[in-house]
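Going by the order they are written in, the chains are A, B, C and D; count residues from 1 in each one.
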Amino acid sequence: MSKSPLSINLCGIEFKNPIITASGTFGYGIEYSRFIDINKLGGISVKGISLKETSGNKMPRIMETNAGMLNAIGLQNVGVEKFIKEKLPILKKYDTKIIVNFWGKSVEEYVEVAKILDNENVDMLEMNISCPNIKEGGIAFGTDPKMTYTVVYETKKAIKNKPLIVKLSPNVTDIKIFGKMAQEAGADAISAINTLLGMAINIETKKPYISNITGGLSGPAIKPVAIRMVYELFKTVDIPIIGIGGIMNYKDVIEFYLAGAKAVQIGTANFVNPEISLKIIDDLEKYMADKNIENITDFTGKVEI
Amino acid sequence: MKGKVVSNTKLNDKYYLMEIECEEFVNKAKPGHFMMVKAQQYDYLYDPLLRRPFGVCDIERGRFKILYVLIGKGTNLLSQIKINSTIEFSEPLGNTFKYNGGKKVAMVGGGVGIAPLLFLARYLKNQGTEIDLYYGGKTEDDILMIDEFKKYCSHIIVTTENGKVGQKGIVTEPLQKNILQYDKIYACGPKKMLEATTKIAVENKIPIEVSLDERMACGMGACLGCLIYLKNDNGEIEQKRCCVEGPVFDGSKIVWSNQ
Amino acid sequence: MSKSPLSINLCGIEFKNPIITASGTFGYGIEYSRFIDINKLGGISVKGISLKETSGNKMPRIMETNAGMLNAIGLQNVGVEKFIKEKLPILKKYDTKIIVNFWGKSVEEYVEVAKILDNENVDMLEMNISCPNIKEGGIAFGTDPKMTYTVVYETKKAIKNKPLIVKLSPNVTDIKIFGKMAQEAGADAISAINTLLGMAINIETKKPYISNITGGLSGPAIKPVAIRMVYELFKTVDIPIIGIGGIMNYKDVIEFYLAGAKAVQIGTANFVNPEISLKIIDDLEKYMADKNIENITDFTGKVEI
Amino acid sequence: MKGKVVSNTKLNDKYYLMEIECEEFVNKAKPGHFMMVKAQQYDYLYDPLLRRPFGVCDIERGRFKILYVLIGKGTNLLSQIKINSTIEFSEPLGNTFKYNGGKKVAMVGGGVGIAPLLFLARYLKNQGTEIDLYYGGKTEDDILMIDEFKKYCSHIIVTTENGKVGQKGIVTEPLQKNILQYDKIYACGPKKMLEATTKIAVENKIPIEVSLDERMACGMGACLGCLIYLKNDNGEIEQKRCCVEGPVFDGSKIVWSNQ
């Protein structure tokens, strides 16, 4: 058994382990390099990139809630050009897979960003159709099945080289429909979930804690919703699912696998402890060895009903 | 990083002073630095979830100090931590106060904003700088560690809004009078105080550095949750991360209306 | 100022305070009478009643999650007849308002239960079109705008005496649509939110912690979602909103008021501390006095944007 | 209710014994009762959220005892509680073991299921009943408080699966042999053990009461989260709440396949 129990193949890309840092919680990867050994990570999904540099929402943008947090960063990013010129070269020095999370305000913008990235030295593209924190685009694409189909279809058609992950919004009545749409439109994988739309009000100032009024809820609080959605998606689609939402430790990872995940992303947990993703990898290795499991994907979808 | 809590003293109903032993941290810490502290002591509990930012108040013999004021979950939980417990925190983060070789400086502190100034005072005194401290509080409870500051400062001018200690009023009033004596101003405290202090400094063309607070999730530049707006030399507004490019900023560049 | 700052008028019914215990978390009121003084409560919303006695879902039915819990009780109840005969007479001895939460598997069943209750000595009816834990009815009515309209319309038409509260599901893309539908169909008030659909898996047994597979997520974890939805509803409808979701203390109550609530319900918190609703009432009284507020409804919708 | 933690002793890697001072609780508690304990010590933190159910292990001089085994968040947090802390819990809840005047009874306990049997043994001994204790565990770590039981029991038969203490095997084996000596069986422990014990009792027409565990949210009959399925005299299956109609049930009526 020379292959590591944690190594996975996601849409043809070999990951040394299934632990990917979630978009928006790990910057461009570079920010954490002073604190942890990036080379140990399975992959990094970078902060959502758009065609043009975007300054995001007004401050304040974050607030802690019970076992979770709200954010309304508003997809601030350096734009695809600067990303390729300034961030990617540094990122590529690390031995980890690079997933570029991206978004647009129109189908055309999604297509254009994807086309540019398709020819760059990155491993996968992750289409964010689910950000609750921008007015145009974002979540609108992710909460209307037809728009989901169109934007995924057009983007997939436009790219040749990279597998396309579609990141779904949990703020929908029936996530299964969106999973199906994404698959039919050509998505190579699904990642789920993005944040739940939430709000918190400061009773002293009477103002929302987040200037954008509402923000995206993440962290352990939302894990049950995420597990349910990954489970529903696994029963619906054939393409691989990347589980996201409130993962804090290796047990949570296994829970996502049982629900149907083939890989996972760690988000808010990185803020709580920058070393958490590495710890999860170590703990999973031990768990696989203890339980004598050949590969972690043996758990995928193996919840017993 | 981890360290041992050597003391966690209640100073009054609002303030606590915690002393933590950690050679590694102390060796890296410079005046202006802050750290993210894990208030929740159990890894398996997720409320409170995020770490909390605190300035390095002082360092001495392998220990560093945090002066903190009770606000909500995190600080209340910190106040419960028992002596000899192990506590987790990040390494020293952010940028630092700059020392430009001035002969006489004013430090302006408000409330818990006094915290990072103590470490700075120790450092500046070592450089041979003369320091006057302007220290404002709402009530006498906000005036702390005067004895410590006495070791480093030539004059200490205290103001409180209720007038119970020091002069009655706000700290910018005495500062305004003496402002021309100083080569540089360092300030930390409530935003209104910082804005007013900056105004005085700028009007008198005296360089000013202020240390700012913003809610932080990561503290290491990744989440973009802690922005500060600066006006650059071309008059354009730039976004800076309080946790990486800050917390210390050139006061004259801060766009106060956006903070 | 003889009127208490906490007294409210909800659809013509005078409540001595706006603290109502939420359906399913306070039994038939009687269960807690040994432990607390029921007379102090503004109101009680009883466990969801149906036409016939219902035995609910298989065990296990509950599990704790991070700052929340999952439940899939499956609306077990004694049926409307037994409720009226056995439970109501005891309940009516208390000086508190009785809200009867009810549900059906078809429009006809909703109508029939409502008609029966309309002539009983209860104060308000609360229609649960949002229970995620039963196969037929329940959430199906609450996640399809047309069905929401029909079931509310038919029920409202059939009753003459009692105000009708419609309890909305948070498991929808756009809660505003459902608020509008309920209002147009004749609802006198809205209560929001019911539980979020979630799931948790035991990694040792590989089985879901809840035998029903999925369950409803409640508790502090969901408060930001609830606040957001109450805020959205307040901007959309003119009828009063009863805020529900993760309330643990008086500050949470004020937060719901600022978002748009005119009354609130306390659910999971009753499990954490049976005296919590009474404590919240005491604390609110102090807060009103300290801040010199004439009536708590002065806060309704007063979030400053 | 509130009480002072007088001791919180680690018995071995899995088990702790907590002693709490509370006259009011002790005055109400009867053998079989349980209570809901707030593991989270801070009202402003919500993880863990729900209270945890524990049986009354014993009472003595204004104090009651909880014997608990480390499982997850709640019990781990309990194990951290310092002596002299104040802890919150409900009053004694549920029904109680019934004493029908039998002359000789067997108590069958498995693992932490031994907890409520100690209180019961004290009580039965006071009534002049002769008690034999059958006590099973996986390993020697599961065998606790033998000295306490010696005060009340005529014979103590211990079994462990690894055979390190007592007989090697499971506890129903020796029970089976002696079953006809007893007027009544009381049992608490893992479900499999309780089912097997019930089978032996029923086959020999000996009355049996068992104390059951179910996950509980409220502990007071409101949430309907803790159901137990009983077969009534007409052969119909009835739902009972473990927290109100239980935790002690007539073993012969329990529908084991549903538990």
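Quick note on the criterion: a contact is a pair of C-beta atoms (placed from the backbone, for glycine too) under 8 Å apart; a residue touches a chain by one contact, two chains touch by 3 or more.
Please read these numbers as outputs of a predicted model, since none were measured by experiment.
Chemist: Comparing the two chain pairs, does A-B have more C-beta contacts than A-D, or is it the other way round?
Modeler: More C-beta contacts join the chains of A-B.
Chemist: Using mean CA coordinates as chain centres, what's the gap between chain B and chain C in Å?
Modeler: The answer is 46 Å.
Chemist: Please report how many Å separate the Cα centroid of chain A from that of chain B, as a whole number.
Modeler: Once rounded, the distance between the two centres reads 36 Å.
Chemist: So, what's the distance in Å between the C-alpha centres of chain D and chain B?
Modeler: 54
Chemist: So which bits of chain D are touching at least two other chains?
Modeler: If we look for residues of chain D contacting two or more partner chains, we find 46-48.
Chemist: Provide the list of chain C residues touching at least two other chains, using ranges where the numbers run on.
Modeler: Within chain C, residues 66-68, 220-221 contact more than one other chain.
Chemist: Quick one: label the inter-chain contact graph as line, ring, star, complete or other.
Modeler: Shape of the chain contacts: complete, all pairs touching.
Chemist: Per the contact definition, I'd like the list of chain A residues that touch chain D in the complex.
Modeler: 66-67, 220
Chemist: Inside the complex, what are the residues of chain C that reach chain A?
Modeler: 65-68, 70, 143, 171-174, 196-201, 203, 205-208, 213-215, 217, 220-225, 227-228, 231, 246, 251, 254-255, 258-259, 302-305
Chemist: Show which residues of chain D lie in contact with chain A when the two form their complex.
Modeler: Going through chain D, the ones touching chain A are 46-47.
Chemist: Which residues, counting only chain A, touch chain B once they are in their complex?
Modeler: 24-27, 31-32, 34-35, 47, 55-56, 58-64, 66-69, 71, 73, 76, 219-221, 248-249, 268, 270-274
Chemist: Given the complex with chain B, which residues does chain D contribute to the contact?
Modeler: Answer in residue numbers: 42, 44-48, 72-73, 76-77, 80, 82.
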